[in-house]
Structures are given as C-alpha cells and as structure tokens.
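What follows is a set of structures to go through.
Next come two complexes built around chain A: one with chain B, the other with chain C.
What follows is the complex of A and B.
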C-alpha cells in the first residue's frame, strides 16, 4: 500500500461539525483574521494553507479557544461545535479541548512515562472508572496512533526518550485518548523525516474515519495528499475554500494560484 | 486562471520554457512533414517521399524526449494548478503530434506505389490544400497553447468542420472515379487512405486546441465538437 495515497472522496453528503461565521481576531490593534466564515465537515480532513502570517494558525487556535491564553487577543463572530457556541460563557475551555484535541508543530510529550502521557487526559476528565479501563483507553489510543506495537513493552519508559516521529504519534495518542470529535493539527510533520511524515499522514487518513481533522501545513504536497477540503488564507482573509482536488488543479482565485504554484504575486 | 507572473524559482520557469521550446520545434517538424508529404504526392517525388519516411524518426525522438522531461518536472517540481495543466497538456499534445507525424509518414509511403500507377484527376491538389489547412490549424493550436489563448483555440476547433467537409467531398469524388473505371480502384483506395490520414491529422489539431482550452480555463470544452454531416447516400453503411 502506498502510504502517501489519499483516495479522492465525495464530501457532498457530509454534515458540518464546526460552523464558523464572521470570525474576526485582533491582537491589540492588529486585525489578524478578517470576517472568516467556513464549515468544517465531519469525517473530513480540512487543510489550512497560506503564507506565514496569513491567519491560518490564528483561525485554528480559535477553534478550541487557544487564543484565550493570549492576553492581547480578541475574538469576534460565532463558532459553533455541533450547533453549540464554543465562546458561550457557560462553556468550560478545558472540557472543550477534550472534544477538540490539538497536536502541535514540535512534539511536546510530558516529561512522564509513555503510559502517563496518554492516561493524563482521561484521568483529569475522569473517563475511566478503574485501572483496567484506563489500560484499555491507553492501548486503544496508542493503537489508533499506530504506535502500540513499538512501545507496548516499554510503557513505563519516558515519552521524551522516543524518536521524533514516535513522540509526535504519542502526542496524537494523547490527543485522541479523550475521545475528541475534532483534531486540530498545527504543522504536525514539519519536524519529522519523510518516513515519519508518511506514517503520520497515513494516521490522519485513518483518524478522519472517526473524527474531523483540521491540519495547518506549509507543505502544499502534504495538503494535497491528506485533505479532502482545502482553505487558502491570505493577509487575514479566507480567500478560497473548496475540494482539495479543485484547489490544486483549477483554483479560482489568482492569489491561490500564485501561492500554490510558487509564483511572485 | 493562468497567471503570467514568473515563479519564485526561476529555474522552474526555464525548465518549462525549455519543454515548450521542444514541443514547438516538434510541431514545426510535424507541420512541415504534413505539407511536404502532400506536395511530394502531387509532384510524384519519390525521393522526397523516401526522405520523409526516414525523417519521422526525429519526430519520434522529440516525443520521447518531451515525455522524459515532463516526467522529470512532475517528479522534481510537483506542479500544481496551471503548471500541472500545462505539463499534462504538453504530454498529450506531444502524443498527438507524434501521431500526426506517423500519418504524414503514411502519406509518404503511399506516394511510392501511387507514382507508378494511374493518375486520379484532381485528388492530389485537394489533398495538398487539406494538408496545408491542417498544418495551419496545428500551428495556430500550438500558438493558442503557448499563449494560453482560449479564443484562438476555439477558432481552430471550429475549423475542423471545413476539413471534414473537404474529406467527405473528396470521398464522393474518389468513389465516382472507382465506379467509372475499375482500374482507378487501387490508386483511389490509396488516395482515400491519404485523405483519411489528413482528416485524422485535423482531429489531432482539434485535440491540441482543446488542450489549449483546458490549459487556459481549467476545463475541457463540454459541447460536442462540430461535426460535418455523415458521408451521405453514397457512403457505405457502417
């Protein structure tokens, strides 16, 4: 099987998992994201692409309220997860982030054992009633992250002792352990070699059978390989959103075309 | 959308330019082969015909080279959007040109027996005019491709109708010659295959024009290609 291959699939029948409308983000007086409206579909990998500073990571961070941690950030507009406003006062951001998991650019395992890295989320959210259930969640999550076979005999070893690619898959296992509905990935492969990248990409393709995956990437080829939908951001605007196949063969906006073909423009 | 702004990597632009230069060179050889084969036929110049049969190798070699270069560009540059469409269009166009080269070669091959046989009045001058028209179509389809000119491409595409009409008229005329005198059958059959070859070359020129439209707009024309009426009452039922 070719790890890099993503079958082209029909996304027309899929329902939106996240609905964003009129989202504006300001960092102090800097208007970083301008009136972004988009649906993130269920069981779909959506790629956010665009040059540095275009707002793609800012928007990704809005989706699980990571911008709450930035003092100068102000978010306007509406973001609904399954119809519920995630910026509603009654929504607990910690609970929200169990439902919308995140994987970062650099693998960042806790300085704990492999087991405890994965068990951390389920423990604080009380998802397991006893040790046996927790063991099961840890195993299932590690299997889902395609890491189980490599670490099952050394679960008590420190997570930081794994290779870069393994660490990133450990972080993915940690993110899926709380049973999220959406997985946000901010350049998850930029620190990985091609083999580890291919493994993570194969994993993304499996994960999207259960979750909605949103990936920010600087690699055009990666966006083309793993996603079914692509959103192109430029200077804080969502310029174009569409089927990945269409964006990469026949983009409608000249800014999209210039960016993905590597043109001055 | 097909931007004319250069790539950030100027080496990429140079590689695309080199690929298009080879395709243009190939198209020039093919256009000349088509016209020269028809001229050699009319002049019964068997020396020229034999030279042309040998020259088809150069066209085939260019096709091979273009395909290698295009594969290399795909592997190394991962082209997208209009870059991807350009490389796909170049590969398809190269195949079409290679086929037209073969058709011209076949015209030259049939010129050898025809030079020894009875003359069929009027046929070779019509064939020469047809070949000239198709060569112009090829040249303009190539210009539409390199300039990403969908309007010119649509114009070339519409002209295929004229070629079809000329072919159908010639077909009926050859049929009449064969009915009048049985000894016309062998040369008329050769001339018919030659006319059919030129008509097919016109289809390839139309195909290249369609690639130019695909390159310029991102979509192949969806309407059916203009078609002349069927061969008419004198034609054998298919």
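What follows is the complex of A and C.
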C-alpha cells in the first residue's frame, strides 16, 4: 500500500467555508450522528472515511440539507456556511443546494439528453440569459468534468446511454454547472472501474482549485490520493480530523489506527 | 501426493442417469407445466366461446333487410302549396308518407307480377317497417326538390321479414306469430326471388336511437354511444386531474403518518366497493339531494368518476413510487424545488403508468351498468341529447344499459340487437386496452 502520495500542501492558511459545531442527527430514535464539530476549508479536498453505517453520508447530507427530504431525520447543532447558519428558518434549502452541489454514490443522470442534464440547473436558476450563454455553461461544465471530448458530438443523446464512468462525470458536470461553492461527493467512485475512478480523481484535484470538495470514500487509498484533510467517523462519532498525511501516518486515536490498518471496518 | 491418490476413490457417478431426487423434481416440474397449460386452455376456451356466441348472435345486426321500391313522391300529398318550403312541408306527418309507401309497395309488387291477393291491406302495409315512412319523410324534408319525382327508395322491412332473411323466422314460427303470417312470408319469398329484398350495411344501427318494442328493426345504439361518450369525457376531465393531484399530494408531499395511512387504506377499500353502491350514493347525493336530473350523462359521469378515482389514484401512486428516488435526489441536489422535481422529472417518468391506469379505469367505467340503472338511465330515450354542455343534462342512454334493456325485451329480434351492441362495446374496450398496452410499450421506462 502506498499511502504516501498525498500532495503536500499547506492548509493552515486557508479559511473555513463550512463550520459545523455540535451536530446531532436522529432518525426517529436512532442517534446516527453524535456531536460532530468540524471545519471544511476553502479550496481543499476533505475526505470522510469510516466503516459502513458510521454516519458519513448522514453528515454529508446535513451540509446541503438533503436530510430535509427524509421525514424521520432530525438535525440539531449549528452548521455555518461563510458564517451564516444554514439551518436558520429564513434559509431556503432550494437556494442553498444551488450553492452546495452534490454528487451521489450511484450515477443518477436524468433520463434526458446529455445537454439537458447539464443545462437543467442553470435553467431553473436562471443563470443564462440566452441560448449562447447556456451552450457556453454546458460546454465549460462538461470540459471541467473531462467529458466534453467524449460527448461533444452527441449532446442530444440520452445521458442514461453513457457508460457508468461517463454517467458519473456527467453528474459531476451537472453539479458544477450551477456554479456551486462547495461540492459534496458521496462515494462517487464506488460504481466505477479503476480507469473511470482515476479520471474522477483527477477531476477532483482540479476542482479543488476553485471549490471546497468533500468526498466520502470507502477506499483509504483514494482518501490518501485526493484529500488534504481527512475526517474519520466511527459509530456516529467524529473520532479524528486532521491533515490526511498525519491521519494515515500518525493517527492519534487507537480506533483510527485500527481502521486504517484494517482491523475494524 | 501419492498417499492421497491411493485412497479409495468415490464410485464414479454417471452423468447420463438421473438419480431419484432429480427424477422427482423433473416430474414435479412437468406436472406444474401441465396445470398451467390446462388453466390457460380453459381461459382461451371461455374467451372463444364468448366471442363465438356474441359474434354469432350479433354480427347479423350490422346488416338490415330492406325492400327496393319505386316511390312516386306525389306533390298533391306532400306539398299542396307547391312552395317546397320544408317548414310548410313539415305539416305532412309520417301517416301521409306511409300512404305513399303503401301505394309504392302495391305498385312495385304488381309491376313484378307478385300475387298479393292473399293479403289484407293491413298485412301488405305491415311488410314494411313503421320506421320506413319516417326515413322517407326525413329524406324529402332534407331535399324538397325530390317532390314530384319517382325515386328508388330502400324501405326498411319489418323485423319478421328481416328475421326471415336471416333465418330467424320460418314458416313454422310464423304460424304461431301474431305479428306475421305465412302469406306475408310467401310474398316476401317471392320478392326475394325477384331481387326486391336486399341486406345493405345497417348504418341505422349506429345512428339511430332506441326504438319501441314493436320496431326492433329501427333500434340503434346511436344515443347510447353518444351518452357513453359524454360520460367518458366527464370521467376523463374530472378523474384524471383530481386523481393525479391527490396521488401527488399523498405520495410526494403529505407527511407519512397515521392519517395518510388511514386515507390509503380507505382508497384501497373504495376501489373494491361494488359499483351498485356507488349508484345508491349517486341517487341519494346527486339526484335526491342536489336535484340533478335523472338519466343525465352528467350524473352518470359523476358517479363513474367517483368509481374510477380510486383506480386512478392507486395506479398513479404505483407509477410515482416506481420512479427511482435517485431521480428525486438528483433534481433536489441541483437545487430544484419540490414542485420542479415533481413536474420536471417525476411526473414525466410516471406518465405512461398514469395513462395506462387511467385508460383501464375508463374502460371499466365504460362497461359499467349497475350504477347507471340506479340513476334512471334505463329510461327509453328517443332523441339525441344536444351538444355539450347543455346536452350533459339531457336524458341519454349508455351502451351497457342499452344491452341490458334489449336483453329484457321479449321479441327475439332484440337478442340480435343486444349482441350487436355488445360487439360495439367490446370493440371500444379492446381499443382502449390496446391503447394502454401500446402506451406502456412505447414509453417503457428508460433509466
């Protein structure tokens, strides 16, 4: 295992985009997330790792209020985006989700054309004043998702007809098209083959230059490859959070150590 | 290595002989296949029996015997003033036209050397249908210039002569029948030999209203078809939007709690409530309480809407449930509102399922008779209702009720009519179900 590939970068100078403090999540009586506090830094890739069911997705979905759609979910605590509480009564989650994009575990393109998939977000948010601008947004988004060259000749073909890796990159393009400030990715590579995974990872590295990226992953190698910060979750607790290099080489908590050496999980 | 190979080898099992367990399993499979085939065969047999009996009885209603007559439209009788004004000519009733037809019948028979001396004038006149003068009158009023001319007119024959042509009436049955005599049939036979009887396609069956007990040859399903059409329009216009809106609310927006559970159970129950109960409800609510007219397509449409709603709601909810949640996540994830998610993504994907459910619900409503009987749709309706919306409040009939009414009548000629109406109804039902299947095929889910 070569965990030493992490690009060494100094994250101390970056300011936090998202500040979570004392976040608790309940599904009915199931206390799924216990007192999580963490800062998500600007222009940084943060990896969430931990065994299945430890609450990684739950926390991720708190960050763009996707948990609102789960009837049984109850969120407590404070999550600030640029200092503003996203759970404030005045916040419209619809508006929030345009600023905090999300990519899901299973590629889920709309059963529409490739073009319409990418153009949907800009259309409903009125980001383009005319067709030319919309074309422009679609093209740049697809380029940033490293998909443009593969699909530029068949933009009107259905997005569901692409391969799994292409579909996931289409979903990334779709998320990027609304111009989000934070991009949340929930195990984006779990359905992909190694080549597609490598493409998505390269993409994440590129996106990090402008956005703050949060990625949930099951693969520790992936966390080591793409992230600068890593958070380790266990049984609903945030056990340890720190520089990726430090987490993988010198974990402070015995549970983290057991997990990364393969003894739990 | 050597040690192992020296151990006693297990006996070689033949791949070509099956053991007892395998044979038993194969026998069970064969038995099950036979049960299945027997069940399918029974179903097909029942269907074929139904089709053969309905078609056998009913196809003949699509052709109707008529007598070819040379009719002299006498101006002195039909248009005394010579004005050729339909308003004035309307004063001449069907009795006047009947006399002209009687004369034409006598003349035509004489011209073909057919001996009618055995018939009384009443019997001779009774060879043609009472409907024939009315059709002649309609023809002349539509084109007054015909007056004064001699035209070839195909006069509807009475139902007994029609039955004679179709093999339903024989000389033996005529002896016992007060409506026809052997002498009349003999004349009919002579007319047939001279080529005066013909059996053209019976357009009247599709355009006419119901006719009285005495004139089965004139009865048609026109008013019933129109009434059924009006009711289907009402059902479609009301139940589709209401059903879809209710389903969207229940499936996508309502909190999942005890109340929605109760509502869900009750909708399922409503779908199972016998149709006649809806009829009683409609009688009490729409007619007794709200005072809407009996026999009106409006009331029929409303009660069928109530009956169809649960079916549509159940189908729509199933279609909405079948849309994968990942599509909703995707839309919400790019910042679509709940309404946008539903109307841009979920509903289009659910549409084929919704339409299929709606068409099947409509098909069920089209074939329903029990609730319509209770709201007075059994009335004898002779006139077409006018165009909607006014026509929705005027009395009309409905296809299944028309079938029911005709099967109640004593005259065997109505059995043929009833079967003919069943064929019309079945054609509509098959067309609707085929549309549903086509829709499902065409928009097979692609995600």
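Operating definition for what follows: the second predicted complex is superposed on the first by the 257 of 265 C-alpha atoms of A that agree within 3 Å, B and C clash if a C-alpha of one lies under 4 Å from a C-alpha of the other, contacts with A are read in each partner's own complex, and residues count from 1 in each chain.
Methods note: a contact is a pair of C-beta atoms (placed from the backbone, for glycine too) under 8 Å apart; a residue touches a chain by one contact, two chains touch by 3 or more.
Note that the structure is predicted; figures quoted are calculated from it, not measured.
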Chain B versus chain C as contact partner of A:249, first or second or both or neither: first
First (chain B), second (chain C), both or neither touched by A:64: second
Chain B versus chain C as contact partner of A:224, first or second or both or neither: first
Comparison of chain B and chain C by chain A residues contacted: C
Chain B versus chain C as contact partner of A:38, first or second or both or neither: neither
Which superposed partner A:260 touches (first chain B, second chain C, both, neither): first
Chain A-touching residues of chain C, taken from the complex the two chains share: 255-256, 324, 326-337, 340, 344-345, 349, 446-447
Touch list for chain A against partner chain B, complex: 220-221, 224, 248-254, 256-258, 260-265
Footprint of chain A on chain B - complex, ascending: 1-3, 5-9, 12, 78-85, 218-219
List of chain A residues in touch with chain C within their complex: 64, 66, 69, 71, 94-98, 101-104, 106, 108-111, 120-121, 124-125, 158, 160, 171, 174-175, 177-178
